[in-house]
Amino acid sequence: MMTLHILNKSPGHPRFGRCLDAVGESDQLLLIENAVLALSVDDIALPGRVIALASDLEARGVSGHREVELIHYDDMVALTAAADRIISW
Amino acid sequence: MPASDSVNFTLVITGAPYTSQAPQTALHFARAAIAAGHAIDRVFLYGDGVQLASNLACVPSDEPNWHRSWSEFLTAANIPAVACIASALRRGVINEEERARYELGAANLASPFRLLGLGEWVDRVASTSKVIYFHAGG
Amino acid sequence: MSVLIVIDQAPYGNWSGREALDMALSLAAFDQSVSLLFVDAGVNWLRKHQNPAPIQQKGVNRNLAGAQVFGVEELLADQSALQQYRLEPDDLLDGVAVTEQVHELLSNYSHVVCQ
Amino acid sequence: MPASDSVNFTLVITGAPYTSQAPQTALHFARAAIAAGHAIDRVFLYGDGVQLASNLACVPSDEPNWHRSWSEFLTAANIPAVACIASALRRGVINEEERARYELGAANLASPFRLLGLGEWVDRVASTSKVIYFHAGG
Amino acid sequence: MMTLHILNKSPGHPRFGRCLDAVGESDQLLLIENAVLALSVDDIALPGRVIALASDLEARGVSGHREVELIHYDDMVALTAAADRIISW
Amino acid sequence: MSVLIVIDQAPYGNWSGREALDMALSLAAFDQSVSLLFVDAGVNWLRKHQNPAPIQQKGVNRNLAGAQVFGVEELLADQSALQQYRLEPDDLLDGVAVTEQVHELLSNYSHVVCQ
């Protein structure tokens, strides 16, 4: 079962860490809203496949030097349509 | 035209406009879902999210009015929108019926939004609909 | 379809735990399979002897203690959060099951809500 | 009777009722302050705190209605209460004047609350008043 | 200058730690609302003089085994009236 | 009377930073002494090249860049937060002063607001 985790909290928020703990090896992590700021933080170990909403990065002026797949809202729809399960943190 | 692999989404919004980004992200998502041929069978407002249903928001002309944008979208796409009645009444979001029941001076919720119970959400969770939550960020 | 409602906010300081509990009770009322999981500061909902009368709020102890009677399957609490708040089994409402494996537990549910 | 060492307080509430505990804590504080002979020269609602001024909250009869409790207290103690107009308009909390200006169907803010600008807060910060903030918890 | 710090966030909230960092030796820390839960947590080093609102403890069923001065709203008023400066976190 | 407005929330995800900035600008407009301090995720308000048009929000870069013109005395940023978010001086709006001593700095102000 592939779970898509949608995370919208800043790295300092308690739920940010809880979400990362819950992401399994075959899961996907989608960073939206303030969570995209995690891409500029060095010492956060983000799990395997990380995806982020491009417009939220652009809004915040984050370039995202980390390995990340940038997507748009239509791709977000496709991801949720394909996921077996979705958890919004 | 629904795509052959089209999905029925239910969107649950729990963050308020002008407090969280939740109603904005949800609207971008909803527009993209419809454009891709998917269906949205219900939008359910819960907790602080019920504020999106208030038709009294006054927004400077150079900023989006999220209540109006959502109302126009819901009407055009013919999507039922429900605000949880228990969340809404406590937060001062009421329709004409509740205005009369509580003998208050005004109502601020009207079409396309309706006030109904959590059963509307349970019904979608129990169905084959894909339920996506849009919470307040932080 | 089995639903897990996760509560990570402490009681009384804000409404989100209260409204998450309402979600669980509604699912149970409509005969849907639902459990509650308390993590982080959320485990403080499970303390015995809460008395919010002095701050003029309604207690939820009765709702929580009765949750299983109303059809909520399990009240689950994260062991590490209980430890953080020094909550021993005796300090908790009856019927709470302690879990050490929150991550694994999540995968048992087809629908997870973090209100 | 003001005590000889009485203080002028200004209370700023930024958390909403039925979302945060801020309006409750602030009311307990305000009652205790008046009982001790201190003065409260203004209550200022800012951010989500403006929701406290909405007169449409409908609360089950076995729960306190914080809007009503605050209104009664403010009126009895003759304390001016101001909701920040910029915060309030975006969040759909409007008085009769704004209702007319924006051509909306209803207003939900009335006496003892008034809509005014942040200048009302600046004025208190610049005075000898002790300004205490009641934020949303978490 | 004696500062009264009023804290209403749970121990896991980012602002909880920021407040503790800011409490000076001659300052007072008043725990209200969800912050009273800190009294049941072992590994938080609370600074010198800690005060807590009794009704918030009672609401949450926290007995507060730590050294703490329990007060009521009228005492909170007296504390704020006496403080040179007040910061609400 | 000197006021310090502390911003610890990231931009765009919620409104609290925006409304804190309004407080600072209002004080300045009424000729009160005010500075802004950015800590934790709040330092992200200070990034150059923000463009919230795609999420249909108004940018605050112009307001922030102009804050000192409007009378805000200092834009202060916590060094450790800048480091956490890998923000170098070149990444920041003009006119930001970096501080390593947030705790000591607080004591310079007679009125501190954490919106």
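To keep things simple, chains are lettered A, B, C, D, E and F as they appear, and every chain counts its residues starting from 1.
Assume a residue touches a chain if its C-beta (ideal position, glycine included) is under 8 Å from a C-beta of that chain, and two chains touch if they have at least 3 such contacts.
All values reported here derive from a predicted model rather than from experimental measurement.
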Fewest hops from chain D to chain F - one hop per pair of touching chains: 1
Smallest count of steps, each to a touching chain, taking chain C to chain F: 2
Selected interface, A-F versus C-D, where C-beta contact pairs are more numerous: A-F
Far-end chain from chain A, centres as C-alpha averages: D
Taking each chain's C-alpha mean as its centre, the one farthest from chain C: F
Chain copies touching (chain B, chain D) - same or different residues, decided at half shared: same
Distance between chain centroids, defined by C-alpha means - chain E, chain F (Å): 27
Chain centre separation (chain A, chain B; CA means) in Å: 24
Residue list for chain B, restricted to those that touch at least two other chains: 18-19, 21, 25, 28, 47, 131, 133, 135, 137-138
Shared-contact residues (touching 2 or more other chains) in chain E: 8, 10, 12-14, 33-34, 55, 88-89
Multi-partner residues of chain F (at least 2 other chains): 9, 12-15, 40-41, 55, 57, 111, 114
Interchain contacts (touch definition) - all pairs: A-B, A-C, A-E, A-F, B-C, B-D, B-F, C-D, C-E, D-E, D-F, E-F
Chain D residues within the chain E interface of the complex: 5, 7, 9, 21-22, 25, 28-29, 31-33, 35-36, 38, 130-135, 137-138
Residues of chain E that touch chain A when the two form their complex: 12-14
Residues of chain E defined as touching chain D within the complex: 6, 8-10, 13, 32-35, 55, 72-74, 76-78, 80-81, 86, 88-89
Chain E contact footprint on chain C (complex, rising order): 9-14, 40-41, 44, 47-55, 57, 84-87
Chain B - residues contacting chain C, complex: 14, 46-47, 86-87, 117-119, 121-123, 125-126, 131, 133, 135
